[in-house]
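Input: structures, listed below.
Next, two complexes with chain A in common: one pairs it with chain B, the other with chain C.
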Partner chain A sequence: MLWVDKYRPKTLDHVMVHTDIAHNLKKLVTEQDCPHLLFYGPSGSGKKTLIMAVLRQMFGPGAEKVKVENRTWKVDAGSRSLDIELTTLSSANHIEISPSDAGFQDRYVVQEVIKEMAKNRPIDTKGKKGFKVLVLNDVDKLSREAQHSLRRTMEKYSVYCRLILCCNSSSRVTEAIRSRCLNVRINAPSEEKILEVLELIGKKEELQLPPGFAARIAEKSNRNLRRAILAFETCRVQQYPFTNKQAIPPMDWEEHISEIASDIMKEQSPKRLFQVRGKLYDLLINCIPPEIILKRLLHELLRKLDAELKHEVCHWAAYYEHRMRLGQKAIFHIEAFVAKFMSIYKSFLIATFG
Partner chain B sequence: MVSIMQSSQQWVEKYRPRKVKDVAHQEEVVRVLTNTLETGSCPHMLFYGPPGTGKTTTALAIAHQLFGPELYKSRVLELNASDDRGINVVRTKIKDFAAVAVGTNKRKKGHPCPPFKIIVLDEADSMTEDAQNALRRTMETYSKVTRFFFICNYVSRIIEPLASRCAKFRFKPLSEEIMSSRILYICKEEGLCLDAEALSTLSSISHGDLRRAITYLQSAARLFGSSISSENLISVSGVVPEKVVEAVLQACRSGNFDFANKSVNNFIAEGYPASQMLTQLFEAIVEENDISDEQKARISKKLGEADKCLIDGADEYLQLLDVVSNTMQAFSNMPERFAYEC
Partner chain C sequence: MAKRNCVVILSSEDEDAASNVPSLSSSRSYTKTNSKSKSRSTSTSSRGRKKARASHSRSHLSKLHEIDLFGDDFNEVFTGSKVSAGTQRSFAEELWVDKYKPNSLEELAVHKKKVEDVKTWFEERLKPLKGVYNNNVLLISGQAGVGKSASIHVIASHLGAIVYGWNTPTPVIWQEHLYNSGTGTQYTSKLDEFESFVERVRKYGLLLTSCTGESKPPIILLIDDLPMTNGKSAFGRLKNCLQFLVKSTQIPTAILLTDYGNADSVDYNARCLEELKLSLESSGACKVAFNPITANSMKKILFRICQVEQCDVTAEYVDLIAKTSGGDIRHAITSLQFFCLKPNLVNSLASSTCSHGSLNEESNKPVRSDYGYSLHFGRDEALSLFHALGKFLHNKRETGVGTEYVLDFLDDEAIDDAWTLSSYLGDADILLAKLRGSYNEAEGVLQSAAASIAVRGVLFGNSNPLSSRWHAVRRPKLWQVEKASLYKNEVDRLRIPACKRFSSYHMSIMATEYMPMLKLLGNRACGGYDGPSQKSSRNLEMEDFDFDKMDLDEQSRGISDDDIEDW
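So, the complex of A and B:
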């Protein structure tokens, strides 16, 4: 079992990072009936952990017995009927799905599938807790239409079913949905908090931590707790006992991108562009999301550039990322950014050194 | 199950005024509608104004007061944006409903029951132009037996022929006093304790939108219990705290790109919504005294572009970084065109 899962807090009382939020959530769930919830925050900040803990608080340990199922729904869409395949994670009292997996058909998922799930009300012998919980992941990736359909569903079935929505950026969730939920912002844990968690894991695993070692992992993690714990475990596997100078292995895709960055800093020519294309494809076929590639590339370039070029380069990064979102094939836009960067950098070099 | 229904009832619904005369701050429309209640005659209406000012409330209240609970179902048709309202619906559902004749004028227990039906089209500005066009003739043909109430935020999105057939009423944003008195009333009913500072915060973050204010109040009450401070309200509303906005502006002033980059990174890690940040940056920039109008214009232009990009789904970090870098350039009066652009 990975440490990330092993040391995931199971109940709201054991949460280490967002203690105040956990405390409030506990009050909310135990004292009164809970409203729809919307969790938002950067990845690796503990949204999912909190959601699972809330479910456990509601339904007891039964909420952890989940089964994974691949179901197909038949949906009537006007004249034709569609088959939608979705993976669901469900327990007796809750169902978890990522409606955005259905791509452009997400509207039907929201309109039909959720409605169907919401309609079937669980029957409890004690006549208590007669509602179920639907956890929807990545609501920010839902299309506009799907979000509009969702708001009606939320109102209509609010007696039978509570929704817990989870997303990275709440800007992309429409106001109508946000105003129907209790918004819970989960911030990324601070480096001190990450340090605390790492030290606790170290203690539980009975590891010897040289001073400053955990701090270095925390610093490298970019305030992403999941990443910090994974890096910690990787280090453990690579070399134990830890030494003071032991390198924290970076993710290999990050190394790859940093290579690309130094490549294009060294030479700006069509030939180099062609070489870079191969490397970009390598990343894309390994399922690294294109916007992450672009962001990381910008990060690497900004580290190496002169101050006067930074504004310009970051402008173009934003420009091409936006275009990428509107377009279809990511490689065009990443490559366009690389080409643009080359041309800017070359003219800068000519202007400075002649 | 009753208990769940009661406890989860939205306060927005619970405290919705039931009578036209209870609608706050909109004297004009209240006067006209009170007149309607007495005489039983009514033109087509078009209500427009910012959200949370009582448009839907007024329309529903007048319909209820005119017909009473018994006739309401048969005389009033409510359609809002979440219902399908394409041209087909206009041609069939609305037309069918509008065409049905109504019985004669029988007064029932204090309800005037005038001899017409009402169709309430909520959020009418999201109807397509085709659908609106299809309504024109319907409105005239059945004007004897049907009145239309259009409700929208932007009157400019209602096509001219429809607007000219209606009596238009603008709903003003609620003033601070009226908002406070309503909020305090709800607090008293719900047994909440709200200090003066929290009250003024609530009015400022809700921008004259009473519905939003009540929603925030309810969320805060659910999460933090009966005594609510202004920080609690800010945390449930998703508004970025003043301090954070100030810090980002400060980073722009510093002229140091790496410093600004770090502050943007921090901002994203804290999980605040970037679109909210743009709004608040805009407010802060406009109020700023020591920068020229030209600089303000330049920054605002970029803010607009970034907002559009965010709506398209662009990455929050990159857009915000672009805005911050642009603001920094504007502050230090760097030329607008990049030096090495070709």
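So, the complex of A and C:
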């Protein structure tokens, strides 16, 4: 088992990073009536961990006995019936799905799952009808229609089930849903917190940590705890005992992007643009999300850029990121950004160096 | 010249009655088929007129009226000629295509070398003491109206040979079939008839020659119109039967195949034709391809006709006709005749001078306009996919979406243009993003709007286009990439136990955080570091088989694998 999973806190009491939030959540859950919850925050900050812990708090250890299923829902969509296949994780008391995996049929999924849950409610020990919890991942990736239908089903079936929503950015969740949930923002953990966690893991694994080594990992992780732990484990596998100068393995895709960035800085021509496209394709094939590519690329470019240009380049990056979300084929927009950057940079070079 | 033609036509009309029976018919049948196609071409030109009429509808009413008059008279002339065809034909009413049919090798508009090739081929085979040739079949391919059959006829008469031809039986319509079956006549498919015809030629071809001519002029067999085949088995039969013919015929035979211009079309028939061509060639037929007639030789012929007819058509107009005909001389001549018809009619209608003025104005218009194709008689030409691509990639602004290789066509310095282009392509993408599977009318509009934006954007953005040179045209990689990433996602999901046991991570987290680390962890040694570029390229190759099954646009699939020379 990976350390990330091994050292994941199981209960709200064991949570190390967001202790105050965990404390509040515990109070909330023990008071029986729990509202819908919306967890949002950057990746690697502990949303999932908190959700799992909340579920355990609600239903006891039974919540951890999950089974993975590939389920097919038959959905009657007006004129035709659809078969939608989704992976679900479920225990007796909760179901977890990522409806955005269903593409543009996501709205049917949400409705259908909630309806079905409402149909067979569990009866708790006191003979009272209890409720089930539906965990929805990546709510921000849901289409607008799906979010609307989610809102309606939320209202209609709120007696029978509680929703726990999880997403990276609450800005892409409609106002209507946000106002119906208790919003819980999960910050990216500070470097000190990450350091703390790493040291704890080091202690439990009985490792010798040279001073400053864990700090370096924490710094490199970009305040992403999952990444820090993964990197930590990788270092352990690559070389132990640790030395102070040991290289922390970089992410290959990030390397690739910085390569692209230096390509762009070196030459600005359609030919180079074409080569860059090939490299972008490589990234896309490896399932790196285009938004992350664009973000990282901007990051790399900004590092090498003259301060004068930074504002304009950021503006265009934002512009094309927006258009990328509106559009379907991300490559067009990333490429347009690269072309725009080349054009800006080239005229800058000509203006300064003649 | 005209007299001779008159006679021919009369006799062809006589034959019309008997043409239901498949037979070896004399050279006159040629004119018959010709007149058929003529009526076809006139109908297209009148369609063209309609279009022109629509486009001119904004101009004032009197002109419109006048054009309508033309239309009526035009029809009258042609229908009139049809009625009187069997009886008598006045000089003016005759179709110029027949009237100015080439009579000598010099008059042919076909390229001299091609004619020479064909002629020597026939000469060799018609020599009295000829050697035994394995291949007695000549395959002539080319667009409609490039003078394939005309060349054969002219060459035959030059060599003093008689042309025998397969005379396509008229199709049996359903009512007729019902009637026939009542009388006990069996229905035989056209393909059957053709097969039996070929069989006869193979077996008794020589015998037949001996009974027809006493002086034994040499014989050329002409197969002009292959029977229509529908479906694989029928096509296979046709192929086999033609292959037999190629292998065993003793008479020099010319098979004419009409290309429909676009080899990349998905049209089943066009592809069949291509296959047929290949199979015939492989079984030993000699192949000659006729190119579309060049504008220059077309002009020469049109001027000659103008001289003979004594109609004063401006050089510009002849130019225009020659250009718009797309290398189809039959069409060009018909257009010319139609065009020359007008002034006569105007005069005979004794219309006022103002109509003359408006006529002039109108006739100037098409020349002045940016689109050189607004003539009433422009051949309705569909651009082949590659032609269209070339038109806009090379930024020929006088005048359809392959977005991937636009960059090749940009100047090396023109990074600004590249940005404009990719922005427009992005716009098109955003428009298309609204499409959700099911098709309705609004989405059709959206689609064409997106296509239009992409094309126009590319045309507009490419402000200093490169001169034409050789470019490789590749298929878009986008589909492959999408497919590969989906596939990889699936595989990864299965591979990673964490994903199964705990919560279902989104694929982005998998890809960006788990995978790179797992690669390192899984190897246990830092040696085998596998960069994404190598991996992906290998991935692509591995998956290549699968990609072909996806619903890539069929056209682009068909052509994509080869690099295609610039056009």
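General observations
What we mean here is this: the second predicted complex is superposed on the first by the 349 of 354 C-alpha atoms of A that agree within 3 Å, B and C clash if a C-alpha of one lies under 4 Å from a C-alpha of the other, contacts with A are read in each partner's own complex, and residues count from 1 in each chain.
We adopt the following convention: a residue touches a chain if its C-beta (ideal position, glycine included) is under 8 Å from a C-beta of that chain, and two chains touch if they have at least 3 such contacts.
Bear in mind the structure is a predicted one, so any value in this text is a computation, not a measurement.
Clash-free side-by-side placement of chain B and chain C is the outcome of superposition onto chain A. Look at A:343: by the touch rule set out above, it reaches both chain B and chain C.
By the touch criterion defined above, A:210 lies against neither chain B nor chain C after alignment on the C-alpha atoms of chain A. In the superposed model, A:329 lies in contact with chain C only, and not with chain B. In the superposition on chain A, A:138 contacts chain C only, with no contact to chain B. In the superposed three-chain arrangement, the CA centre of chain A forms the vertex of an angle with the CA centres of chain B and chain C, and that angle is 90 degrees when rounded to a multiple of 10.
In the overlay built on the shared chain, the residue A:60 is in contact with neither chain B nor chain C. In the superposition on chain A, contact of A:321 is made with chain B only, not with chain C.
By the touch criterion stated above, A:271 is placed in contact with chain C alone, chain B being left untouched. In the superposition on chain A, A:158 makes contact with chain B only, not with chain C.
Once the two complexes are laid over each other on the shared chain, residue contacts for A:241 go to neither chain B nor chain C. Superposition on chain A places chain B within reach of chain C only down to 7 Å, the least C-alpha distance between them.
Within chain A, the residues touched by chain B in the first complex and by chain C in the second are 326, 343. Of all residues in chain C, only 403, 407-408, 410-419, 421-423, 425-426, 429-430, 432-433, 436-437, 477-478, 481-482, 484-485, 488-489, 492-493, 497-498, 500-517, 519-521, 524, 526, 529-533, 535-537, 539-540 touch chain A in the complex they form. By the touch rule above, chain A contacts chain B in their complex via residues 24, 27-28, 32-35, 40-42, 45, 130-131, 148-149, 151-152, 158-159, 169-172, 178-179, 182-183, 185-188, 222-223, 291, 294-295, 298, 302, 307-312, 314-315, 317-319, 321-322, 325-326, 343-345, 347-348, 351. Contact residues of chain A toward chain C in the complex are 1-2, 4-5, 8, 43-44, 48, 51-52, 68, 87, 89, 96-98, 104, 135, 137-138, 141, 224, 226-227, 230-231, 233-234, 237-239, 249, 251-253, 255-256, 268-271, 273-274, 277, 279, 281-289, 292, 320, 323, 326-329, 331-333, 335-336, 339-340, 342-343, 346. The residues of chain B lying in touch with chain A in their complex are 1, 3-5, 7-8, 81-83, 211-212, 215, 219, 222-225, 235-238, 257-258, 261, 268-276, 306, 309-310, 312-319, 321-322, 325-326, 328-329, 334, 338-342.
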